[in-house]
Amino acid sequence: MAPILEMRDITKKFPGVLANDHVNLDLNKGEIHALVGENGAGKSTLMNVLFGIYQQEEGQVFYKGDPLNIDNPNDAIDLGIGMVHQHFMLVPPLTVAENIILGEEPTTGFGNLNLSKAIKKIENLSQEYGLNVDPRAKIEDISVGMQQRVEILKALYREAEVLILDEPTAVLTPQEVKGLYKIMNTLVDQGKSIIFITHKLDEVLTVSKRVTVLRDGKSIGTVKTADTSKTELAEMMVGREVVLQVDKTPAEREEVKVEVDNLTADNDRGMPALSGVSFKIHGGEILGVAGVEGNGQTELVEVLTGLRKAKAGSFSLEGQSLFNESAREIKEAKVAHIPEDRHKHGLVLDYTIEDNLILGYHYQAPFAEGINLNFNALDKHAQRLIPEYDIRPRNKNALARSLSGGNQQKIIVAREFDLDPEFLVASQPTRGVDIGAIEFIHKRIIEQRDAGKAVLLVSAELSEIMSLSDRIAVMYEGEIVDIVDANKTTEEEIGLLMTGGKAEQTS
Amino acid sequence: MEFLTAIFDLGTLRSTLRMATPLMLAAIGGIFSERSGVINIALEGMMLAGAFIAVAISSFTGSAWLGLLGAIVFSGLFALIHAVVSIRYHADQVVSGVALNMLAAGGTVFLLNIFFNTSGTSPSVNALPYWGIFKPTVYLALLIVGVSYYVLYYTSFGLRVRSTGEHPHAADSVGINVNKIRYICVILSGMLAGIAGTHLSLGVLDSFREGMTAGRGFIALAAMIFGKWHPFGALGASLLFGFFQAIQIRLQGVLPIPNAFIQMLPYIFTVIALAGAIGRATPPAASGEPFEKGKR
Amino acid sequence: MPEDINVKNILKELLIPLLAIVSSFIIGAIILLSSGYDPVATYMSLFQGAFGSLNSVANTLLQATPLIFTGLAVAIAFRAGLFNIGGEGQLLVGGLAAAWVGTWEGMPMVIHLPLTITVAMLAGALWIAIPAVLKAKLGVHEVITTIMFNYIAYSFTAYYSLKVLAKPGNIQTPNIEPSAYLWRFSNIIDMYSYLNLGFIIALVVIGIIYYLLWKTTIGYEIRAVGINPNAAEYGGINSTKNIILALLISGALAGLGGAERALGLFHNYRSGFSAGYGFTGIAVALLGRNHPVGVFLAALLFGALANGRTYMNMMAGVPVDLVNILQAVIILFVAADLLFRRLLAMGSEGRKE
Amino acid sequence: DQQQEAKDQQAKEGLKVGIVLSSGGKGDKSFNDSALRGLDRAKEEGIIADYKYIEPKQVSAVEKGLRFLAKRDYDLVIGVGFMQHDAVKKVSSNFSDTNFAIIDSVVKNDNVASLTFKEHEGSFLAGALAALMTTHEEVKGINQQQVVGFLGGMDVPLIHKFELGYTSGVKYINKTEGTNVNVKIAYAGNTPAAFNNPAKGKEIALAQYGAGADIIYHASGGTGGGLFKAAKKTGHYAIGVDSDQDWVEPGHILTSMQKRVDNAVYKIVKKLKNDNFTTGLKVYGLKEGGVALTSLSGLGPMTKIAKDLGDISEEGITKIKEMKARIPDEVKEKIKEIRQKIIAGEIKVPNYLKQNK
């Protein structure tokens, strides 16, 4: 069977990055084709090329055998390609129906919107594919899962034959994920084809027919799902032995250092995000937090580091209450924080390496004397940390913006670890970081533990959690469903817990 | 009781409507611009430019209607500067607006010197005729409010405008040409401000006077915010501010409040509205941000 | 830590403003030609008016002085990621406050002058306090609120100066006491210009603001908030506090500009007190890349334009409003610096190929 | 020596006068234009060789302009407007050999002639005329109500001087004629922009006409342009100010309270030419012809000029003549009488600026 869509030798460059390097991909009719690869491998870029948001420098897209130029999303839409973006492309104050018809509005002369016609069509589509959305609701009022179904409807409304789903499951609850599978299957039954991007190999194995693996912007290969395994896929993705083996001596647990009790907090939208989270961390112990993104991990970290006010509960470090203290006071109590999003929180990108290395400590001795900055101290600090943490380039006056992601992360790690913290909160510490840097950071985290510090490690990468943690807390819908011993558990068990499985099992 | 009789008569209402006219026109212009994502603090300048061009054209052609038309076209072109600078060249929209206001203030007087050899008031020219009790611009303004409401909420163009100002990348992802929409809206805002200026120079009067907009562009901005970027809201706010001015004229010497304080009212109300005391006024999410494709 | 000071960087920083200035003068020349004036003669007289004699130079500096203050006011707010369009109102209120306190009698200069200046700065700060708090606490856009406060200031200062402070029948507030005078250079140099100590204060303030922004933790925090408020918050930097602080400093600087006009130039408050200094300050800050030294250079340019235009008008007969047009075009070009960046990039690529 | 030469050269060529205008600039159709007209006349008559005018755009540019002129050996440097008081005082002290004149303010320097006007006297006449006319219902455009209006520009003392003169004139008529004429008063604003806001001026005027006024006097610079439009629209009357504005809206501007700045300027220039220039205070009241209403029966000076220039149509002239003819003779007589009484000192017109001191 000839593929409905082929991408041949696609090359796409960004300043300083070869995001796609002669990538090949072909998609058959009625197929769910998984696209996998580590963060930054080039998946989204490839799809954006296909959808006309980016233009490739080299290579060609063929649709039903014909070569095409897709210059903008309109071209793609006209060809029957629909895309559900990793970051939703919905306009919050508009209704579902308005979002769906945007750009393809049904009109009755003079550009007069025919909303009732649209709503009818949407209701029909929604029924046909079991999507269950209310066309009149405003986007800002509906759940993330519903928003995603709106995105899918948007593509269906445009009569998409090929549907690109970029990491659709990252934000979904397990039930919603199951619902999505059902929808995807309905779609392919109706003859549509789907490109499905995910980081979760289980999902790949569950729904896809074939898998294409990208690594560092190159296509490593395409395999039939039936003929492959998780280990093989992981190896293709990473390019070597899968499980990140970390040299780790058994934990030497000391006294309890961190006590968190009954934390309750809301998210940015005022919805409950944490409900009664409790745990203890001993000195010399790493507590991993596993969970599907969006189950309260972000809010937990923010509460513990002073970036978010909790509504109730308690949090203390070595008996000193830090509950709802400011970020500054928490830092002063020797809590270090590697933030989830380094661009948003960890760095001032237009500051130099030297300046970033004192962020949060800039007002303390020796960096400050009264209100004056002590440039000698700043210089010494930078000259010491840059080689110690292998930050490249070795120029303290380079702007953080000009560094690669891994080196940016090293600035944060250097700064936070140099504080000699008592409690280290590390959130997605290796996201978007290359392998070498990952190992480096992992080693440093273990060093902290071995020095008797308490570590809270939050990560979306289960393998990271598994290999570093001493105990693992699993979060689901704002609660810790269980805390298990890392040595006595399996990925399967954690995976089950992450989907709220425990509750199902025990009840 | 004297002040009550001073306020409530038909004359006050007419006066309110006349004074609200330039405000609502410019405010609607502001709504289009900001709804599409471009802050426009140059309404004042665009209005002034329109007022001048209308007089100049009426003077040379003898036709006030051509003056109105010319003001619409010219102010649209004037707004195009703002559009190019802030859309194409990603300039800070506030800075561009400040510059345009300066350009209009300086440019109109410069041209007043060149065309009419004076730096105060232009000669009298043919003005717009009365249509019943008002000048055509008053009816036009009311019509434009209604049409704008319809366009923004009941047409595909309006839907696109609203999406562009809230989430340009979403609009882009469904194939909408974000910058084209923005160009159209900014030019439209200039054209509407041009009508507002013409209302002053050829509607209310028959000549141009240096600085004759006297801050009305900024009150229009206030009306736009107070009206929460909605045409009817802007209409209501414009009428309210027009009413303030109408009663302020009538209450002078009647109430023991100094004039100066009554003149501050629209501005104080706007601050209060923004502070959320009268329901929060939140601007379109993407207004002020240049759109760069592929930027995340 | 401070931005790398090397010749290449400085040239790069200067290139775009210079291109903008040159382009605006070219556009100005086109306007002049098409209006029937001689651009060369016009620009010559503009230049002569600005720098033709010791007195002219002093007057250029005198014109630049309030622009240095308002330019710094805009720049420091910019550095904190904020836009203070209300410099005009803050300057007026500051000037009014100075003109009022300046009339208090019976104080020695060492107390009176500093007191007066302090009150003016406080008044300027007060005038931005509400926009600052609204911005910091509720996220209300400061552009609109500061514009609104300009208009409130127009009415307020007019009322207060004429109806409260001025003697009945006068159009200006009573003259200040000599103990509140900013000392004038004409006391020792034979010239007419009212150039006064305010200019020296402006130079000192440039130094202070530079030091504050790049050599202190306060500046570190303000700039961090300006570049990335989230990262600042993460670093334990209280963005609410810093937003308010930066805006209060901004307002105080504009108020100080008003004090210079009241205590150095006019010796009272009167209508027409400000020639749009607050608005020109935006241009000055922008042209000066929000750097204190840049602000100084830009203020000199705008001061020279404002000073030279009278002479230009008298010698070449060109309406003074040409200068407003030039200023506006300069701002547009600087704001649209991407234009020049693209042109330059095209140029250099062309060379490579 | 060169300077001397230049001076000699100049002397040969004739007198040169420099003038720094007030903020309204050239073309304000009142104050500045009037001053320039005086110089134009002097130039036409060969009294002066040439003059140079400067339009300062900001307060601080005034002094610079004066100094520029003084330095270039202009024979007479004139500052227009009370705002220039400080600047003229300062510059005239620096250039003790140059002759200066200031209009509307008093500078007590040996080389300065201070030309001031008794605006209150002229305004009194305007008030009397308005009060007399508003009771003549039979005249076209006059209603039953006994109400007249006053439109001020910026709310400043000088404008109150006009207002007080005007209201005093109305009161005088009320007292002598037993009428009960009311005055509506409104100001356009608190900032200098209040002199540049004709749209608001029109609204104010319409409000006053709506409240029963049929004659409105203004002292509001460019804002008055709106008054004239309102007068035309409603068919009522306005009274112009500063210069002869009768021709601006023919048939609706009953008269204008002229400040004969042109005469004053012309006179001192002529004196300069004749070498009998004297400094010190010169007060121009009704008596000196410094303030005057435009003719109640014929055409005013600006109207004539406008007619010569073709700025006003024949039809306009007819309209003005017809309007003037409508003014009852008894009113004209009465005004003449009052004028004489003021000149003779029988009527004391209060001066707002003096009263408060």
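Going by the order they are written in, the chains are A, B, C and D; count residues from 1 in each one.
Definition applied: a contact is a pair of C-beta atoms (placed from the backbone, for glycine too) under 8 Å apart; a residue touches a chain by one contact, two chains touch by 3 or more.
Chain identities (UniProt): B = Putative ABC-type transport system, permease component.
The structure displayed is predicted, hence computed values, not measured ones.
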**Study point:** For chain A and chain C, chains touching each
**Key:** B
Exercise for review: Considering only mean CA positions as chain centres, point out the chain farthest from chain B.
Suggested key: A
**Study point:** A-B compared against B-C, more contacting pairs
**Key:** B-C
Check your understanding: Between chain A and chain B, what is the gap in Å from one C-alpha centre to the other?
Key -> 45
**Study point:** Rounded Å distance between chain B and chain C, as computed from the means of their C-alpha atoms
**Key:** 28
Point to revise | chain A and chain D, separation of their C-alpha mean positions in angstrom | key: 77
**Study point:** Centre-of-Cα separation between chain D and chain C, whole angstrom
**Key:** 38
Exercise for review: Find every residue in chain D that makes contact with two or more other chains and list them.
Suggested key: 55, 155, 190
Exercise for review: Two or more other chains in contact with one residue: find those residues in chain C.
Suggested key: 155, 158-159, 319, 321
Point to revise | Numbers and ranges of chain B residues touching at least 2 other chains | key: 119, 215, 259-260, 263
Point to revise | Which chain pairs touch, all of them | key: A-B, A-C, B-C, B-D, C-D
Study note, to complete from the structure: As the complex stands, chain C meets chain A at residues 1, 4, 215-218, 220-221, 223-224, 227-228, 230-238
Check your understanding: Within the complex, which stretch of chain A touches chain B?
Key -> 48, 51, 53-54, 72-74, 77, 83, 85, 87-94, 98-99, 101-105, 107, 110-113, 154
Revision key, fill the gap. Listed in rising order, the residues of chain B that touch chain D in the complex are 6, 9, 11-12, 15, 18-19, 22, 112, 116-121, 123-124, 200, 204-207, 209-212, 214-215, 245-246, 249-250, 252-253, 259-260, 263
Revision key, fill the gap. In the complex, chain B touches chain A at residues 154-160, 162-163, 166-167, 169-176, 285, 293-294, 296
Practice item. Please name which positions on chain D make contact with chain C in the complex. Key: 23, 52, 54-61, 63-65, 67-68, 82-83, 91, 94, 154-158, 190-192, 352-354, 356-357
